[in-house]
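Chain nomenclature is as follows: A, B, C and D, assigned in order of appearance, with residue numbering initiated at 1 for each chain independently.
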Amino acid sequence: MAGNSFGDLFRITTFGESHGAAIGVILDGCPSNIVIDEAFIQSELDKRRPGQSKITTQRKESDTAQLLSGVFEGKSTGTPIAILIPNEDQRSKDYSHISNKFRPSHADYTYQMKYGIRDYRGGGRSSARETAARVAAGAIAKLFLKQHGIEIFAHVSGVGTIESPNLDYTDLSDLLDLREANIVRCADPATATEMVSFIDSIRKAGDTVGGRISTVIRNLPVGLGEPVFDKLHADLAKAMMGINAVHGFEYGSGFEGSKHIGSEHNDIFSKEGDKTVTRTNYSGGIQGGISNGMDVTFRVAFKPVATIMRDQPTLNEAGEETVISGKGRHDPCVVPRAVIIVEAMAALVIADHLLKHNAYLNVRK
Amino acid sequence: MAGNSFGDLFRITTFGESHGAAIGVILDGCPSNIVIDEAFIQSELDKRRPGQSKITTQRKESDTAQLLSGVFEGKSTGTPIAILIPNEDQRSKDYSHISNKFRPSHADYTYQMKYGIRDYRGGGRSSARETAARVAAGAIAKLFLKQHGIEIFAHVSGVGTIESPNLDYTDLSDLLDLREANIVRCADPATATEMVSFIDSIRKAGDTVGGRISTVIRNLPVGLGEPVFDKLHADLAKAMMGINAVHGFEYGSGFEGSKHIGSEHNDIFSKEGDKTVTRTNYSGGIQGGISNGMDVTFRVAFKPVATIMRDQPTLNEAGEETVISGKGRHDPCVVPRAVIIVEAMAALVIADHLLKHNAYLNVRK
Amino acid sequence: MAGNSFGDLFRITTFGESHGAAIGVILDGCPSNIVIDEAFIQSELDKRRPGQSKITTQRKESDTAQLLSGVFEGKSTGTPIAILIPNEDQRSKDYSHISNKFRPSHADYTYQMKYGIRDYRGGGRSSARETAARVAAGAIAKLFLKQHGIEIFAHVSGVGTIESPNLDYTDLSDLLDLREANIVRCADPATATEMVSFIDSIRKAGDTVGGRISTVIRNLPVGLGEPVFDKLHADLAKAMMGINAVHGFEYGSGFEGSKHIGSEHNDIFSKEGDKTVTRTNYSGGIQGGISNGMDVTFRVAFKPVATIMRDQPTLNEAGEETVISGKGRHDPCVVPRAVIIVEAMAALVIADHLLKHNAYLNVRK
Amino acid sequence: MAGNSFGDLFRITTFGESHGAAIGVILDGCPSNIVIDEAFIQSELDKRRPGQSKITTQRKESDTAQLLSGVFEGKSTGTPIAILIPNEDQRSKDYSHISNKFRPSHADYTYQMKYGIRDYRGGGRSSARETAARVAAGAIAKLFLKQHGIEIFAHVSGVGTIESPNLDYTDLSDLLDLREANIVRCADPATATEMVSFIDSIRKAGDTVGGRISTVIRNLPVGLGEPVFDKLHADLAKAMMGINAVHGFEYGSGFEGSKHIGSEHNDIFSKEGDKTVTRTNYSGGIQGGISNGMDVTFRVAFKPVATIMRDQPTLNEAGEETVISGKGRHDPCVVPRAVIIVEAMAALVIADHLLKHNAYLNVRK
């Protein structure tokens, strides 16, 4: 209700500000007896971590996850799992210049007006630093889903006007290797090179740029999703729109599909051995809000980062015109690091819906 | 949790199947002492009603709302408002041919697999008929929001590849008049003519087409939205993605904005008299997930209707190949009727967030 | 949130006022493929119905349940089940004398102050008439639980200072027969006779009296209950305290147990064949908030009905002193009819927790 | 849903096991600009802390609260407040003897069966140590309520068969002084002396005893509580029943009131200056589930502590009979420390309902 929890049965609640003592998360509803692979959690955090490459922010954070509860002898116990990630490299003085100014297209103004107070340091709670907590919890969701054979793969499919060609999704682990082989996390090597070069030029110009992330979820059982409001794609949309800087979500044929005619767009059912499949997948693996066993596919759009290394006119808290300079350490483009956040939130949605569906699985005949 | 409720404080729960006795809704959490204008509720339902024009389904339903509770001497009492809408023109026998076949790109297969049983008549619960209940509740949300000066306006901005030019949003009631002057509900008259003609040709070809709806919400107070997960746009996204046939959502600059660079995209604050405004509105009236007082703008993409008046190959429940014919009464394009559903869901989101914000308004200093 | 829903996965939302058009309920989250025995639902409603005997209110209501949705060919479909119960014998004019007076120990004053408006007829929403909706939904919960062998039995164990001796709980269906053989619903025949006679004398004196109901739930699987807040007994307590006129709840050894010393009170584990049991059951079948497989036992206290057939001083809406007379048709003691409400709410709690537990059953190893 | 959260708008989620690294809580939905008095939080924790006196457990914990987020320059910011309480004096080896045995009337058996794994050290999650997190969050709730003039006072009104006489509730701060003047936290000095002596004798006998706590909440506005399910007393009941060892709850006249007749039990309204009051308060300050402005009163029953310093027969995980010895450091009676837990949970319930009511306060006319 107060907005810092996500999920119903597999539920996270996050806390923490960019420049406070720590950020963290409580995961409530994780099934018991899941092997909690701390090295995997850390490797996921490392992919989101600042300071990875020349095209990410230079803030130095080890983002070391401390598991405080809910795990006993390496396994989940079914009780809440609390994870703490201390903040290390805050440099709060970088922000004294904005303590009473509203940065354009940031949340400074709305937080101040809504709450009548704000921790201005690094954007406080509105900073994307909070998403590290989501990644840590998402890593546990992935460990749970892996037991069920479910895979999630996201990559950067667009930066500015650069678009990746459609990928061959046959082997997701091959794609993962390709993605991790470059710093922009696009699984198409040629496009990746182009993107890196473009982001670097944008960075040098003190500017920023937006981008797009495409995701595929594989091996879902048929039946996830709770119509009419908690459709699987509706919850995926909410999860993605809750990530900082996201301005758009589409699944399956998406916006482009709204230009189609029905006779082209319908996905015809057929049999592939024992399995019911569709010949095309404009439905993005979801029909009537429920997974149909095909790949679930969606795409997310991120606006350009609002902090640019330039002077911009703005207002201060007194409502007077002033000028704000670009300072601090920021990403010229969020999508390379956001890939792992998108995967984490997708994993959390799927874990939650898997449990919901499972609640009825033994009692529905 | 089970998926048929939406909202927290201003909360609806809907029920009913396409060919059952009735559909309806309970609205729990409506503030007391709202004048419940039944004629207005009915007029909203009339805009969503089937059989309005040659480009909508010919099913005949009066969609008469019966208020069963929660209203006393014309005003809301603060107790649950139940609204019943009897089904009248079911013609269930139109559906006997699909009782054991899965219509392509419909929810027949996923409902059957999820629940092990389905009311196949007219798609049962997965039918868009259920949205009449949302419109009735949304009408009450609008009555509540009107007290606070909040206006919501949606119109059809795209059908197939036809796109409406950008509107001048100065006067929303003028636009409403323009929209209601044509059967496709596009507020640009020339585009509307083109759309109607195109949809009619598609209908005659036994085919269907997708479309897009654009929405503006005006006069929101600053402060609606509950980060980090229940951001205003995240809840709008979930609400819209929960409408039948929706495949995409974007707010503010949306997908197009993800191609921009930051120095172009930032919305610069300035003063307009006493009011803080932004010179541009790429943020779509929402920053950090919280309304900033500017117009909230978003766009929704609808896939083409899955039922076409043609033979299509498919599978039956036994997994055998078969052919399904197009029968029944269906819309060639959903967007003309969906405009009012989009407005209703938007009104429900805003009403809920207004109450949430209000919960803290007297206690935050 | 707005208070008219109960349960998470197996969730009801009720609506309706004592003298409105109808009362009713939506049950969301009922598993599919449950045989919905309408005759059983009606028989449950008949046990709660007014006008059953000389010791209940003489209001005449057939309390006929109409199933509007969620059932297809006699079985639940997994979609919301809406049940409507029309009001028939309202006699609202009986209440014109209280339209601007606050009846002592009723909800007139608090509703008026909270909402600024109230439907004064028969107490409006605060009337126990609303509980018929709970009984209808509870009947479906019982049908679901019966599939799992779970039995629920409640009876009147106290009226005024009259206390039933402890029952032999070996055979619950025998006890049910004994209970239904008398109009006060106490399963001990001698006590029942005494209670009926006492209530009748109280009724003739124009007065009312309180009472107590004892309940046993049998054949629960081990594992129901979600610590640390949603303990099984905590949710039972909330369910019971939400019934009109209830002032107390205790489970297992209850208030009496708080006078014990630990060495007497501990329940020693032992084996009964393959089954783990406890030699005593002071724990009331729940340890650490989780069912342990023994009988779950609890007791509920009801205050005397507030409407008495006598003149009482009170205030009117203007705050002036006035006198209110006892009119209308009321129960001299609620417990004979409340037995079935207690069972219904218990069934709803257990159904909800059974689904919650089941959500993890296949994934916990 | 997973059971470790309480409240809707003012919502806590706790984590931690008795012998893990730490316990803690996230409080989401605390209004902004509340002065967060850390010394007060600590003083509340000190009242619940182990090792206070000869009649409490001798485990040594400083229970130092660390505020990790949500507070800026001494005030709440409206974002989640995370509080960490490290565990210091675990002595887990005290528990090796129970690693595969089920202690009688503890949660060992049910946790093992429900989750298939358990942290046996000190009872793990089922330990009352977790309630320190509730006390920390409850302290913040009290700071919030104090701004609104709302006071909460609890004391030990019964230990074993010893009962405190009814208190004169005129001055709650006087009573607080009386309560804190003795180690059993009973505000009647003579009874306190008797209780202390009795508990000490019980302790020396290696045994334990149950008790009762009575609470009064003063200066509530009229209107808190959300019928029909989220009645104020229903949420108080759930909150109290969720505290370890609680077996009973009653409010107002409680179980005793169920023996009354209506003409004695009704609370007659009258005017005290401008204020509407009732001459008696059998209603316990709540009518129809809504606060009426009078003192809210309730009583809670605690069973005797299950750990006794004696040998008891029991079963091990293999289902074999065995003997368990009483070891570890435990309270002979929980009520002296539970007083502050009861107050904390009451404060959390009231804070939540105050916000809920406030959500409608400006919009209801």
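The rule is simple: a contact is a pair of C-beta atoms (placed from the backbone, for glycine too) under 8 Å apart; a residue touches a chain by one contact, two chains touch by 3 or more.
On a predicted model such as this, the values are computed, not experimentally measured, just so you know.
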*Interface copy of B-C among A-D, A-B or C-D, judged by whether over half of the contact pairs recur*: A-D
*Count the touching C-beta pairs: is A-D or B-D ahead?*
A-D
*asked:* Need the CA-centroid distance for the pair chain A / chain B, whole Å please.
replied: 26
*Chain centre separation (chain B, chain D; CA means) in Å*: 45
*What is the distance in Å between the mean C-alpha positions of chain A and chain D?*
39
_Contacts with two or more other chains, residues of chain A listed in rising order_ = 1-5, 8-9, 14, 32-33, 78, 114-116, 125, 356, 364-365
*Hey, which residues of chain D end up touching chain C in the complex?*
1-6, 8, 14, 102, 104-107, 109-111, 113-116, 125-126, 130, 158, 160-161, 202, 207-212, 222-223, 225-231, 233-235, 237-238, 240-242, 247-255, 257-271, 276, 278, 282-284, 287-292, 301-308, 310, 312-315, 319, 321, 356-357, 364-365
_Under the stated contact criterion, what part of chain D meets chain A in this complex?_
1-5, 8-11, 13-17, 20-24, 26, 28-29, 32-33, 66-70, 72, 75-82, 84, 114-119, 124-125
*Can you name the residues of chain B that touch chain D in the complex?*
1, 8-9, 31-33, 78, 144, 147-148, 354-356, 358-365
